[in-house]
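Note that the chains take the letters A, B and C in the order they are written out, and that residue 1 is the start of every chain.
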Amino acid sequence: MEVILLFVMVLGLLLIGVPIAVSLGLSSMIFLLAFSDTSLASVAQSLYQAMAGHYTLLAIPFFILASSFMSTGGVATRIVRFSIACVGHMHGGLAIAGVFACMIFAALSGSSPATVVAIGTIVIAAMKKVGYSKDFAAGVICNAGTLGILIPPSIVMVVYASATDVSVGRMFLAGVIPGLLAGTMLMLAIYIIARIKKLPKGEWAGWGEIWNSFKDAFWGLMLIVIIMVGIYGIPGITGAIFTPTEAAAVASVYAFFVASFIYRDMGPLRNSDERISLLRKPQAVVTAFFHKDTRATLFDAGKLTIMLMFIIANALILKHVLTDEQIPQQIANAMLSAGFGKIMFLVMVNVILLIGGQFMEPSGLIVIVAPLVFPIAIELGVDPIHLGIIMVVNMEIGMITPPVGLNLFVTSGVAGMPMMAVVRAAAPFLAILFVFLILITYVPIISTYLPTSLMGPEIITN
Amino acid sequence: ACDDGEMVIKFSHVTNTDKHPKGIAASLFMERVNAEMDGKVCVEVYPNSTLYNDDQVLEAMLQGDVQMAAPSLSKFETFTKIYRIFDLPFMFKNMDAVEEFQQSEVGQDMKEAMVRRGLLGLGFWHNGLKQFSANKPLVAPTDAAGLKFRVQPSDVLVAQMEALDASPQPMSFSEVYGALQTGVVDGQENTWSNIYGQKFFEVQDGITETNHGLLDYMVVTSVDWWEGLDADIREQLSTIMSEVTTERNAAIAEVDMENRQAVLDAGGVIRELDAEQRQAWVDVMKPVWAQFEGDVGADNIAAAQEINAKH
Amino acid sequence: MSLPDDSQGTALGRFFDSVEENLIAAILGVMTLITFANVVLRYVFNESLIWGLEVVLILFAWLVMLGISYGFKKTTHLGVDAVTNLLPSRGQRVAALLSAAACFAYAALLMKGAWDYWAPFAALQPTEGRWFPLGFTENTRDRAFYMTDQVPMLGILRWLEDAINYGDSYDKLPRVVPYFIIPFGSALILLRVVQASIRIIKGEQASLIVSHEAEEDVERVAAQNAQEE
């Protein structure tokens, strides 16, 4: 079948070191030119419309920007302090605090690598200082960072919702319980390892420190409230205020505001270690928007957006070519006539995603795989929200497995370790994620309970 | 899938294939062509915006990458403003009036209004008349004042909402249910089949049966492609298209009523207006006509009203 | 994931870097502000900028299409180097050259597609031929009349009406304007890919993907840590 040729071409190009986006795009163009009548102009159209025609994907730059402002602006530091105050005194306390901090940051940020960068830079160094091995520290953070895409908001969920037309708000709700569960499983595992290996525990700093660190982190934590209330409203008081995409933009503006005017860890009101009062420098209200820190944060977020969207856009070109050749129907018909049941289907989805996740960046992979498996899932009566969460958990695993693993890349950078060392360090915790994946796959209610009870069952309107 | 040697016609649309009036009509067209013109021509339907959405599909058609599509009439704004007549509030009393107007000489000429820009209309496909819904009861037009309504981004519909002192909000169709549910917007306007199909009634206080506007589609093709076809193939396609159009359009009133009933059966609230209440909506919204008279032609409005008077 | 400074060092190179970087930052900033403004307008004032969403989506496309070429210039695009790293250095060089050829083919095909797509909107002719441009077509119907849905027409662009639209006035911004980024961005991509390929041929650059750089980052951080300890 010609489509096998297409995927072999993608893989071949990937393996000789062609950028992922180009591997996808070039294979699609060659396939299109060789096997159909559709013009090259349609490829250019798809590339442009990947951005201009996908309202949902617009959340990606905004969630990335919000994360950038929060890491540059000192929100992450304060979250770590609060986490240490809460759980630092337990066995393996600093490691548990690291996971806890990743969970909190994940509730503010839509991306896993961003979570690793924000929390990892602080926690890994701190863990080494009190006597943990660097491997252990890196392994913990590399894994806990993957929660960034499971705990809402999440870029990968946004991409899934965009590819399948399910509601972003519902997907976000669906991630809450699985996210808390995965985080708890990780913390529990650390606690057990800590008891066995006699890992260091911190001092109990008292309720006062919890209160003080909470107060200090308050403005950062408020963002969780703003996002949740904004998207879902408060029953009886206000309806929702914005769509999930707008929520991301509001989060960016809020994070910019907190970083520049409240924490003053960046922007015109910071003078090395000194914090200048706005009253003494009122012009900062205007200059903050043009300050070099603001510009640098915007640029960093822009660069990351471009890197991700280049891949997603080319994945969309590949998807367009597959649709143009009616491949999804053929695959769906083949699978349905083979008589697969629900369980067998879900196992296959997991296998496809786990293999694909080795080579692909998560969002790009979802763009390609979701349209292939979604119609079959609906036909077999799989809940579309459940399917989405399964995909997200698979993507988490893909992020910490070589050769392409975004979290591995950034952890190796943040911890100053060779990539293969991070792979080995992350492996024991990877086992936990696998157990978690099995749990999520076979117990759909973990994912569907919250969205169904709060918003009613998902309807397929197509 | 098509056989080798058959000419492939790609028909791209944005709805399902078996429940939505447009999807049903497209599927019927496909079945008939594939049966009656087997070996010569083969239609492939790409539903659910999988290939193109309504905006991109017209570009792709002019480019030669897709041959048929059926966007709603308000999507052709950039090709001709004459279709604005179908968006004007209270222009047609019921679907019979719409049908008669479209079948009249004035209506049939409108299929060729875009020829100089490369598109040819093959037929009008009905969806039905639009109703208002909101998260509070709408009885008098003043009830809509201050509310946020999702509308298709067309000048007429924006002007219509402004006439009601409501705030028009552009929003992609797939997002409307969530936005109504959470309260990002307060209301929307749509036909019975869309209100039922998209389950909007679940997340609205009720639907007010205003029948204030029309949602219709135009099946279009590229002039250059169409004129390049063999005359006999073109003729046979035309015949099948017009038979499918007649058949499905004749069924639309029934489909509409089924969907209306389905809304009721599912627990939705429908508010009917008496003549006086309805007149209040007409009084507020009809002045919008004057604003667009230049675009659609006073004589066309007169022709439509003459037909209206008969129904 | 900070980047080593590999600007070519010339003043002109630094100037273009800063133009591109400022544009990327500015576009993202404006996208955020317009979206935020629309939320405030809707929730507080019951109003909306009816063109807001469409403009933000256009800016999103501009951001990415401008940025892709910057990514090739600075080697920030993601790829797989696990296999090439196993090769002997000669093999690595062959792989890098092949991969440069693939990127060139991609950029060249994209350039043709981009021109063919955009040209009719500018009342220009697309190219003949399916894979390679074999001259220009002669009688493609133009699409200069094609306007955006809601973006207002800008006064300073009124000259377009006479230039490409037979004097017909535009009541919305014509699509030729936002779509301009498609051929422009593609041309920049082609340029940066050619430049990167030349660096690879000369042996000044090892590959077209980011992962090597991550290793350098690691080495640099590791060296710093070693000093600290």
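One rule holds in what follows: contacts are C-beta pairs under 8 Å (C-beta built on N, C-alpha and C of every residue); 3 or more make two chains touch, one makes a residue touch a chain.
This one's a predicted model, so the numbers in the text were calculated from it and none came from an experiment.
Shared contact partners of chain B and chain C, listed by label: A.
Contact analysis places A-C first among chain pairs (by count of C-beta pairs in contact). Taking each chain's centre as the mean of its C-alpha atoms, chain B lies 37 Å from chain C.
Chain geometry summary: the mean Cα position of chain A and that of chain C are 24 Å apart. Chain A and chain B have Cα centroids separated by 39 Å. Within chain C, residues 53, 117 each touch two or more of the remaining chains. The set of chain A residues that touch two or more partner chains comprises 39, 41-42, 45, 49, 53, 55, 241-242. Residues of chain B in contact with two or more other chains: 55, 59, 63, 171. Of all the residues in chain A, the ones that touch chain B in their complex are 37-39, 41-42, 45, 49, 53, 55-56, 165, 167-170, 231-233, 238-243, 320, 323-324, 326, 328, 330, 371, 455-456, 459, 461-462.
Residues of chain B touching chain A in their complex: 1, 8, 15-16, 44, 46-48, 50-51, 53, 55-56, 59-60, 63-65, 135, 171-172, 174-175, 177-179, 181-184, 197-199, 202. Within the complex formed with chain C, the chain A residues making contact are 13-23, 25-26, 29, 33, 39-45, 47-53, 55, 57-58, 61-62, 65, 113, 117, 241-242, 245-246, 249-250, 252-253, 289, 294-296, 298-299, 301-307, 309-311, 313, 359, 361, 402-404, 406, 409-410, 412-413, 416-419. Partner chain A is touched in their complex by these residues of chain C: 1, 21-22, 24-29, 31-33, 35-36, 38-39, 43, 53, 56-58, 60-61, 63-65, 67-68, 70-71, 76-84, 95-96, 98-99, 102-103, 105-106, 109-110, 112-114, 116-118, 126, 130-131, 178-179, 181-182, 186, 207-209, 211, 214-215, 217-218, 221-222, 224-225.
Put simply, chain C touches chain B in their complex at residues 42, 46-48, 50, 53-54, 117, 120, 141, 143, 145-147, 149-150, 172.
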